[in-house]
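Structures for review follow.
Same chain, two partners: subunit A is paired with subunit B first, then with subunit C.
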Partner chain A sequence: MAGRKRPPRRQGAAGWLFVSPTIVVLGLFLLVPVLMALWVSFSDWSGVGSPLSSGVKFVGTKNYQQLLSGGSLAETNFGTSLRNNAWYVVFVVPIQTAVALLLAVLVNRQVLRGRGFFRTAFYFPSVTSSVAITVLWLFLFSTTGAVNKALSFIGVHGPNWFNDPDGIVHLALRLFGVDRGPAALTGHTALGVSWWDWFAGPSVAMSAFIMMAVFTTSGTFMLLFIAALQNLSSEVQEAAMMDGANGWQRFWRITLPQLRPTLFTVLTLGLIGTWQVFDQIYTGTRGAPDNTTVTPSYLSYTTAFGSQQWGQGAAIAFILFVIIVVLTLVQRSVLRERAVSKRRMRLYDPARLTGAAATTAKETSR
Partner chain B sequence: MTSTPLADRIGTGAPEPDSKAPPPARAGRHRALMPASIVLYVALIAIAVIYVLPFLINVVTAFKTEPDATANPLALPVNWTTAAFHTLFTNSDFPTWVKNSFIVAVFVTAGRVFFDSLAGYALARLDFRGRNVVFALLVAVMAVPSVVLMIPKFLVLNQFGMYDSYAGMIIPLLVDAAGVFIMKNFFESIPRSVEEQASIDGAGTFRVFWSIVLPMARPALVTIIILSFQGSWNELPHFIISTQSPGLTTLTKGVASLASGQLSSGNQYPIKLAAAAIMTIPVAVLFFVFQKRIMNSSDGAVKE
Partner chain C sequence: MQRRTHRLLAAGALTAVAALGLTACGSGFSSGDGAGSGSSAAALTSSDDPLSILIGSSGSHETKAVSSAVADWSKSSGTKATVTAASDLTQQLSQGFASGKPADVFYVSTDQLAGYAKNGSLLAYGDQLKNKSDFFPTLVKSFTVDGTFYCAPKDFSTLGLIINEKMWKEAGFTDSDVPTTWDQLKTVAAKLTTSDHVGLALSPQYARVGAFMAEAGGSFTNADGTKATVDSNANLQGLEYVQGLLKSGDAKFSSDLGTGWGGESFGKGQAAMTVEGNWITGALSADYPDISYKVAEMPAGPSGQGTLQFTNCWGIAKDSPNQKAALDLVEKLTSTDQQLTFAKDFGVMPSVKSAADTWKTDNPDLAPFLDSASFAEGVPNQAGSADVVAAFDSKMSGLKTADAKALLATTQKQFAAVLSQ
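Let's look at the complex of A and B:
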């Protein structure tokens, strides 16, 4: 028994030693600053001196109230930024995850000529700096740029991309002759933005950023999926093949359930990343046209560093923080729910017993 | 979708798995799939064109004159010119930006490879009190928007006297929560048996980690190297708030200022795209060096 006791104690010290660099760096440059920012968001700090000095006063939730109610310009700007970013997330996260998984599955096939070339081609946009790719995108999507030139070959007159503030849902409705929204939507506002404008969809300018995000991130996530695919045991696959399952069935019933941990990682990283769009906006449009590419993170930056409204800038950042945490938790519970029900279903299906066993073993070892 | 056992591939030791002929047993199956294969290749090539073409346009435009770039965005240059590169290297701070980006990226990558895998291993394998708390904090930290930190990070750096210095640019980036998360996930997927064997043989925790677990984690480490180098090379917000002097400007910050057209008149597309192309080269080289390792995973030391 004495021999049993020693390893845990040694492991305890080693464990703390191993995580200490991470804790120190993340603590000093993440946790402490976050607490400081939290204080700033409840204060009237003007950017002069230390926010912890005695001259700085606690103002309660004033900064938050100005953003969430009151009908001020701050509220409208914040509402607009949330609208812009929400549409960005709605389009980017599902598309980039699906594209990444598709690319990984295609590239990971056993018999494939030119695998190296394809893998390189798909991953390449991911290695480029977001600044470099934004510069390229500004050129490609300029009014006389490559994209509009290519569209003109097939007789399409391309839009004014980065100068077009129209939402794509509005544009689609316009095709059906709906030019303005019903009074029920235009008459009511949330966060200073009318319901009709909430449903505008991403502006044409934002759509160019959406394409850019899918283009640049799908390669990174493809790598994660490839790594996961290679770790899957081939025995289950072969067993399913013996049972006569075709490639499509094997993908949905065997491969995808085994990829759930990676899928969770990819969706989580995607959700967290897409709510923090900053580099592209800073480099590219700076919020133009007509504020349709302003995102909460960019708004937070300009509010604090630009207009010197530090409390309000920090408050925007914290609301954004809460949004991300809540959405991540919701997504987590949704994925969990499905995992349970599908596995149960498979337990009742003798043909799938091997697959279920493998999945369960993976889950419980975690 | 892997259809032959992993051991087969590792056993052959072939550096190029795609160059080897399909096993004879599969030959009939392969022929039956031919029409599907053609569809697959057509799809792959179409996607590849979409992914590659923008970069070709980027490079080609860098060799154009400004009027040429504006008028013929999809054509080859009327007259090839290196004027854009010449301007960048002799008439701007571009060389300084390149130097600074290199310094930061090298230090950050080395730090992350070591610290991320240490912490990932501890969280995956070592049984210590507070592990779950540390992990929960890590997940929470991952969710912290980096822009929440722009204001206060600046204050903290100032407090430590690190503002506008390499230390202030590098140290806060030395560990990233996402990297720890990836390493933790990977270590959990490695069978315990090898490590258990080593601990029975009397190896200490760090020794087991350093000489047994870490070499097995090569595919994940390559991912970390690529993500770290790319991440610090990509990093923009942190350098916006941690530096101010032109001598510490990185490529991202410098080229972003180019993009918003602070230099002079005209759209300057050739110069901007030349800068974008050059800042892509180091990460591209890194990727080409490591890409073989990404696919040839060395797991399977223990097959159940």
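Let's look at the complex of A and C:
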């Protein structure tokens, strides 16, 4: 530190002055509320008066313990909400990313006529209010709604979408005659939910929400991908063409690796957004049927505002925060830039490509 | 190193200032620590402050009726008062309590009562009501927590058996065939089930199925609400009776008929009978005006007649600066005349005995609902019981194939845990 030359003092003061409005606004409306919520999650605040007043006591990790152990209803509800949301994430994030990329590649093609129209059309659901789309979805997926009507034309008797609590993995297993899980799975529980129920998959009702999420957010991420695609230089593509790579190979070996930063952004935003799903549940099903559409953020809301368990509600929010941070870190390490592995390197080995003697090629590459 | 300390100090100071600023914003914060027992009849606060009334309205009829009643009171008492219809009552109430500036008078549901009573946001004014003895005793019990009568019942509803007249006649039944026992209900339900409609439709929830448990003599708690009795044989008998109806196909849950509640199934003609409260009359006349129906008391089970009742009360905030005027307003709103006016305006049943006879003369077709008050039971009102009931409800839609005994055992465990807290 001592070796570095300090900037003149006055300049530093001016800098602070310029950023102070942002710091004050962010601090007041973001940092302080977050810290207060953190305090609430460790306190017995009952929702009356200030959480910082003298009557509110520190209760240690009691609120967290009730959620994570003890076999109470709170634990079961929290476990169920995690199960529901985990399946939601597992389905929504990959599908919406793939669909967004596909749409982006399609509308980015030079030969496509009316690209502007398609771009607008695909982006449209993203700029519509999620409440409006939820209401639309409730109509479309009602028992006698348009979706079931369409299914009936091809002879399929559609499910009772938003009222069907059966998990789709369980339903698939039922096709093979498996109606009850093995005792090893049904007999043991994690967070008050049996392992058999953890593997139930999203309920039919949740599946409708999954489709809705894919429908609405793919357009947003398509836009990110389009921007990234337009930034790619055509020279690399041309070079690949000269090397004789076909379209499929060019996409997987040339385009996709260059999109890695965008892919990271899209996956991260998708992960955060899907773990925080709230509006659709609040306006749509309110957790029904059988609690299979309860998500941690909705549970946090009902626990605090409905049951007056403010500490527990705040604790749910912070556990959710930890889950999101950990998953983002995991994803970052998975997607980080790595040196090309030797196995992979061999694919690009000029000697191998030209069909020269394999043994000598291996020697040289080492 | 020193520079870093400075920075830390600066950041700490900033946070402290911001926190102070926040505290200053919420001016009511300092007074919000009094979460006392609230049982003693302390002197009521009194001031010239206007009253704010927050209601969870069922629609424009209710909002208009309450607004005009409050305006009348305002004129005669000289205290200003405004009525607001909440879009999300629990959330808006919670915000008010947390900021120390709650609405003065508001609706409180039975399942919310214990939570608000426990955290000291409610004024326990029940014993100071002039018309206290006029309220139906079971309603008073619903708003009594730990021996303290908290708030005045606003109005109430009971469950009854709603019968589609046309289908009833088609099956060859007359008025004398209205079922009064479980066996009769099963028989008529079976006969009313055709390829077009089912005999009986129910919403899959405790608030309907619980009536049958009550008819078998069961309840979720013992009489004074201190012990969980969910796994009693009576409850099992009630639940298994409903399960039997579902299994034989004479009854179906509304969710299996693709509707949101029993009233919708009934209105759409998917069911010849349903179990609903008096709110169904409003829904039917608004959405399905062509249906002609009659109302009967719930049939008697092994331990006699039984049904469930639902009610809200007029809560008064402990932080209200003008509790005296608020109490005066509540007395006016629960007075016999005013309740009869409300009944006419938005179809509720008055919570006071003195209005019962007039109401029955005015609504002869709906009299069974009010007659049921003598044997109706309230729903659990203990703190945390709403969560247990919600968990029970979440299992209801699968009742047909479920193990009723195991289901009750799970709920028993959860309820006992809630009561021991």
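Here, the second predicted complex is superposed on the first by the 311 of 366 C-alpha atoms of A that agree within 3 Å, B and C clash if a C-alpha of one lies under 4 Å from a C-alpha of the other, contacts with A are read in each partner's own complex, and residues count from 1 in each chain.
Just so it is clear, a contact is a pair of C-beta atoms (placed from the backbone, for glycine too) under 8 Å apart; a residue touches a chain by one contact, two chains touch by 3 or more.
Only a predicted model underlies this, so the values are computations on that prediction, with no experimental measurement involved.
Trainee: In the superposed arrangement, which partner chain does A:F139 touch: subunit B (first), subunit C (second), both, or neither?
Mentor: first
Trainee: Hey, is it subunit B or subunit C that touches more of subunit A?
Mentor: B
Trainee: According to the stated criteria, A:S69 is in contact with first (subunit B), second (subunit C), both, or neither; which is it?
Mentor: neither
Trainee: With both complexes overlaid on chain A, does A:T186 touch subunit B (first), subunit C (second), both or neither?
Mentor: Touch partners of A:T186: none, neither subunit B nor subunit C.
Trainee: Touch test for A:N77: subunit B only (first), subunit C only (second), both, or neither?
Mentor: A:N77 contacts subunit C only, not subunit B.
Trainee: Considering only touches as defined above, state whether A:S333 meets subunit B (first), subunit C (second), both or neither.
Mentor: neither
Trainee: Does the superposition put A:F305 against subunit B (first), subunit C (second), both, or neither?
Mentor: A:F305 sits against subunit B and subunit C alike.
Trainee: Can A:S53 be said to touch subunit B (first), subunit C (second), both, or neither?
Mentor: second
Trainee: Quick one: classify A:S129 as touching subunit B (first), subunit C (second), both or neither.
Mentor: Touch status of A:S129: first partner only.
Trainee: Quick check on the superposed pair: does A:D290 touch subunit B, subunit C, both, or neither? Answer first, second, both or neither.
Mentor: second
Trainee: Which residues form the common part of the subunit A surface touched by subunit B and by subunit C?
Mentor: Comparing the two interfaces on subunit A, one with subunit B and one with subunit C, the shared residues are 23, 28, 31-32, 36, 50, 142, 144, 304-305.
Trainee: Which residues of subunit C touch subunit A in their complex?
Mentor: 1, 3, 14-15, 18-19, 21-23, 26, 28-33, 35, 90-91, 94, 97-98, 100, 112, 115-116, 118-121, 255-256, 258-259, 383-384, 386-388, 390-391, 394-395, 397-398, 414, 417-418
Trainee: For a test of understanding, state which residues of subunit B touch subunit A in their complex under the given definition.
Mentor: 1-6, 16-18, 22, 26, 30, 37, 40-41, 43-44, 47-48, 51-52, 54-55, 57-58, 61, 69-71, 73-74, 115-116, 118-119, 121-123, 126-131, 134, 137-138, 140-153, 155-156, 159, 171-172, 174-175, 177-178, 180-182, 185-186, 188-189, 199, 205-206, 209, 219-220, 223, 226-227, 230, 233-234, 236-237, 240-241, 251-252, 255-256, 258-260, 267, 269, 272-273, 275-277, 279-280, 283-284, 286-288, 291-292, 294-295, 297, 299, 304
Trainee: Over in the complex, which subunit A residues touch subunit B? Could you list them?
Mentor: Contacts found on subunit A: 7-8, 10-16, 18-19, 21-23, 25-26, 28-34, 36-37, 40, 50-51, 103, 105-106, 108-136, 138-140, 142, 144-146, 149-150, 215, 220, 223-224, 226-227, 229-235, 237-238, 241, 247, 250-251, 255, 261-262, 265, 268-269, 272, 275-276, 278-279, 282-284, 286, 297-298, 300-301, 304-305, 310, 313-314, 317-318, 320-321, 324-325, 328, 365-366.
Trainee: Subunit C touches which residues of subunit A in the complex?
Mentor: Result: residues 1, 23-24, 27-28, 31-32, 35-36, 46-50, 52-55, 72-74, 76-77, 142-144, 160, 163, 165, 288-291, 304-308 of subunit A touch subunit C.
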